[in-house]
Amino acid sequence: DRTEAPIDEQGRVRLRFATDWRAQAEHGGFYQALATGAYEKRGLNVQIVQGGPGVNVPQLLATGSVELGMGSNSFIPLNLVAEGAPVKAVAAFFQKDPQVLIAHPDEALTGIADLAGRPFLLADASITAFWVWLKAKYGFTDDQVRKYTFNPAPFIADERAVQQGYLTSEPYSIEQAAGFEPRVFLLADEGYPSYATMVLAPNAFARDNAAALRSFIAASAEGWRDYIHGDASAADALIRRDNPDMTQDVLTQAREKLRVNGIVDGGDAALYGLGAMTNERWQAFFDVTAQAGVYPPNLNWRDAFTTQYLPGRG
Amino acid sequence: MTRALPPLLLTAVLLIVWEIACRALAVPSYFLPPPSAVAEALVERAPVLAASAAQTFRMAFQALLLAGSLGGGLAVLVSLSRRAERAVAPLAVTLQVTPVVAIAPLVLIWVGLDNADLAVVILAAAVAFFPLFSGVLTGLKSADPDLERLFDLYGATPLQRLWRLRIPSALPFVLEGLRVAVGLAVIGAVVAEFVSGSGATQGLAWRLLEAGNRLRTAELLAALVWLAVMGLALNAAVAAVEGWVRRRSGLGAR
Amino acid sequence: MADTAAALSHVCVHFPGKALGPIDLAVAAGEIVTLVGASGAGKSTTLRLLAGLERPSQGTLTRAAGPGRTGFVFQSPTLMPWADAAANVALPLELSGLARDAARQRAVQALADVGLGDRSDARPNQLSGGMAMRVSLARALVTAPDLLLLDEPFAALDSVTRRRLIEDIHRLWAARAAPPAIVFVTHDVEEAVYLAHRVVVLSSASGRVTADLPCPGLLPRPDGWRTEADYRAAVEAVAGALEAAMGEAR
Amino acid sequence: MTRALPPLLLTAVLLIVWEIACRALAVPSYFLPPPSAVAEALVERAPVLAASAAQTFRMAFQALLLAGSLGGGLAVLVSLSRRAERAVAPLAVTLQVTPVVAIAPLVLIWVGLDNADLAVVILAAAVAFFPLFSGVLTGLKSADPDLERLFDLYGATPLQRLWRLRIPSALPFVLEGLRVAVGLAVIGAVVAEFVSGSGATQGLAWRLLEAGNRLRTAELLAALVWLAVMGLALNAAVAAVEGWVRRRSGLGAR
Amino acid sequence: MADTAAALSHVCVHFPGKALGPIDLAVAAGEIVTLVGASGAGKSTTLRLLAGLERPSQGTLTRAAGPGRTGFVFQSPTLMPWADAAANVALPLELSGLARDAARQRAVQALADVGLGDRSDARPNQLSGGMAMRVSLARALVTAPDLLLLDEPFAALDSVTRRRLIEDIHRLWAARAAPPAIVFVTHDVEEAVYLAHRVVVLSSASGRVTADLPCPGLLPRPDGWRTEADYRAAVEAVAGALEAAMGEAR
């Protein structure tokens, strides 16, 4: 049976898009597309559903609670494949995962390898994600793990502590509050091959609404380009309406970091356009994680994504 | 007035000690801000916090009503049969030890993402359920055995026995269950919002999370102050009901 | 002999550390019996057995009164602490289906009959010991039951009130077309004889019936009956049987 | 044997309904697996789950002891003076409505990152604290007023009164508080592990989040089964204590 | 006259819906007094006032007995349900500092004195009404107090046990170098006269003292004293005063 997206009174296709957290700069492109009418002019009626710690995007997709969802990292589509869930990544707007490790300032620290033996403050979701890659690459062990509840105070209190963060978020708030500039290691710069801020779509939905999906990706790409390089004020206003705890200075510095580090338009995006994914990156990611024992070696990792809805394809 | 004096006095003493300790030890404010900073945050963020608190309170209250009617109702039902009690009690214990975070996604999907508030209420009710269920059940079984015999003698129906003997006898235990449940409903509303609140819910949970994330600890504590006020208000309400029950049952004030 | 109102045949009760019985006791319809015996002889237990409130370990209970047709006064008042005197007395009426208001009205009347017409709004904890016992008595009488089981109903009452209540109960008993069977427990030997058609004496060792003595004369007692010779003789006989029953224990 | 029958029967019925529903509606197993899949996961992952359950149980039990001694002790102390009670009760309510996640960072800082297990026990104890405190306090005030008068008459010291009158009278309420608290200690240990645990002691929370993140819902439910077993075991222990107390106090079995 | 053991002067108690007093009553050291009056007259309240268990709304209480030197029997047994009979009786001894074993030993002896030597291990809910009351009496007597306040201690007892206990109490009273003051409440007029040096009658309307009648003869009573003429006369006098006091209420 077919799964057509609902149509609203104005004849636009209704799409609900579930993000992975409360509105923030990391969702800026989508908000920008909403604010500038990029979705609307393609005949889409997009509603952004904010996520949170308990919002399980894959489950929402699997049950049809939303049409599209955000995938935070490359583990998520692979997990879906491993469990036989018919959901795929259809675009990746962050070429580099902005995941960082944060340490106290220390001249002697030359790289992530020097962090061996230290306590790592990690959020629940990270333990089955990039921590697996860190363990495999640097030989860290689970007993180093402490829980990060999105409050950096325990990190600040302990000189030896290392905590996870988003490039755009924690380094700034730690600096603001504690008054020191922490050491920040962008995992992507150390070869962490995960994509981030992916668009996930159920297979049946993608098949039956290919045009709308292409429009969504194209409009989002336009939104991201505008957000990084153009006037972001309209998107910022929408973000702050959805998330009153967000402040403008946080948004501004976050956008700056996205731009400077080429998170959105670096890597393959420079070549193939925003949202691009490549077989090679996916294979590299799968190889690393399968070697670490996360996935069976015979997993059909190619089912985790498709590039056929990206602009200029199909 | 004098009733309120001891808690106010103790609170004042604790606050002063805290303030002095913060200043003397120069504790950085993102670890533990002095009470004065919390007070400042309370004033500054008053409108936002009050609105969030109202939202949380509403959900906690609805959860309490839900938990009370389900927990109390189920307890009353199973109290009519030893078998039913034995069958249901393990399920109630199971519900009690099930972490909200584990069932939140299921509930969220079940009620639909557009009804995140309802999901919060249901989850908070699950948290507050057990003390009410258990309190009512224990209470219903605590009637004076000689009065039970009297009801046997007069051939009371199970419903008459329930209504005229067991429920009045149960009140002390029900009130104790309620006292525990009001706190759990409040905390349940916060936790449920943490785990199931999509952006749509605007209760105190997000204030806490964001404040913590941004290391605005004074604001975090200000949100906790609102939670405490809420808990105390509900507790005072229970105490008022208790006073009324005691007067009504002629047990006199304690 | 008339129909049996209630009967215990060969009933034994085993408590941890104490066994009572076998008890054989039959009360005919419309008959008044008093049960006497030493403290701990088994009077209250016998009464609870007759009411069906205690399950015999052995033997059988026969009872004619239908459900709700038995009135019981426990040895301690056993009132609902959350209800006022009238609500306590109204309970059996309401349980049998009478409307709240009508039940309360009859309860207030029953309270007046035991001298508590002005205390119908008082809670049990606002009543004196004797008052609480009278509320309990009013509750047992209010349904006009077919079987009345009264465990020392007058023990906490002054002699004047006590005598008045006895006359009232006798009058009520005589006034009914089918008078109820009544079993009293009392420690007052004169009262035992005065109250009943016969006095049953329980052994303090085993709770068995050691004597079953008829009381002379008609009920209700005529004025001045207490001075009659056969009354005094019956009292002497009961007192003697009682002392014999108690001696058995030692 | 017959005592265990009703719960087993009801559970069996529910499981069968669930199994049939899953198959009939072809629910994807990452969403809601049938009981058979959960059973499989229970068997397959038995050693890992059992080890994690043992960790969680240990921490829950320690938390219960801590909460019992602190909550019970504090309740006993403040029961000696109405003023102290009025001063302390609001603080207990405040503790009850404080979300674990909000104070976890402070506790973690306080005990140090190397003692994350201790933080878990402390936080779980904070969760289980209130019903014990409140139950003991309510219970201590529930003694027969005439017996209280008797103790007045004999010039009993506060300690004698406490030991010989109030504590025995308090038992029904203490047991009710304990019944609620055992569940809260278990759930508290899980929640606390979520927010402050370490990878060194991998309790059931670790299993839950691993299974949840990987969408292995059957394994997640298997972990919940272990939690339920734990809750039921502790509950049975409370029931055993209750039976002993009833026999001892000569109230007979109910 | 001897020292005062306890005295109420102009004491009033206001209950919701009922006011008692003013009561004036003095009990001398070593004196035995009985309190009689209708049900609800205020006997139990007066006793609780003398013990300091009820706070007067007005007036003053004087009491000579130090803390722990008063024995009290409540109108209902008031035992600790979780403790066996001996532990209940041992309570006042332990509260006054006696070691557990010694206290229990004396408690078992006191139980034997009230005829319950074999029930010292029974819990209150395993005792009959009269047995529980005797445990309560043993608890009041076990400390050999200076002031004994006994609220209908014999109401639930058979006449044989009752008479034996009265003799025992009289004997104990006489045996002490400084005999205790005792206040009994009873509904039995003959017992009231037999027990005491004087009988105090309370008005059923107000709880005030309406009569204070001396009893003839010496305590303990000699054998056969009940047949003496002045005993019968005193009983008549008390009965008359009581009926007068009750009439006042109507």
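For this structure, a couple of remarks:
Order as written gives the chain letters A, B, C, D and E; numbering starts at 1 within each chain.
Simple rule for what comes next: a residue touches a chain if its C-beta (ideal position, glycine included) is under 8 Å from a C-beta of that chain, and two chains touch if they have at least 3 such contacts.
Here the structure is a predicted model, which means the values were calculated and not measured.
The chains that touch both chain B and chain C are none; no such chain exists.
For the pair chain A and chain D, chains touching both partners: B. Per-pair counts of C-beta contacts peak for the chains B-D.
Between chain A and chain C, the centres computed from C-alpha atoms are 84 Å apart. Inter-chain spacing, taken between the CA centroids of chain B and chain E, is 50 Å. With touch defined as above, residues shared between interfaces to two or more other chains in chain B number as follows: 31, 101, 105, 109, 194, 209, 212. Annotation for chain A: residues 56, 59, 63, 149, 151, 153, 157 touch two or more other chains.
Looking at chain C, one finds that residues 76, 126 touch two or more other chains.
Across the assembly, chains come into contact as A-B, A-D, B-C, B-D, C-E, D-E. Residue ranges on chain C touching chain E, taken from their complex, read 15-18, 36-40, 43-44, 75-76, 115, 121-122, 126-131, 134, 151-152, 155-162, 187-189, 239, 242-243, 246. Those residues of chain A lying in contact with chain D across their complex are 56, 58-59, 62-63, 75, 79-80, 82-85, 119, 121, 124-125, 127-129, 141-147, 149, 151, 153-154, 157-158, 160-161. On the chain B side of its complex with chain C, the touching residues are 144, 146-147, 149-156, 160, 164-165, 168, 171, 248-252. Of all residues in chain E, only 48, 51-53, 67-68, 70, 72, 74, 76, 78, 80-83, 91-92, 94-96, 123-126 touch chain D in the complex they form.
Within the complex formed with chain B, the residues of chain A that make contact are 16, 18, 22-23, 49-56, 59-60, 63, 65-66, 149-153, 156-157, 169-170, 173-174, 176-178, 242-245, 250.
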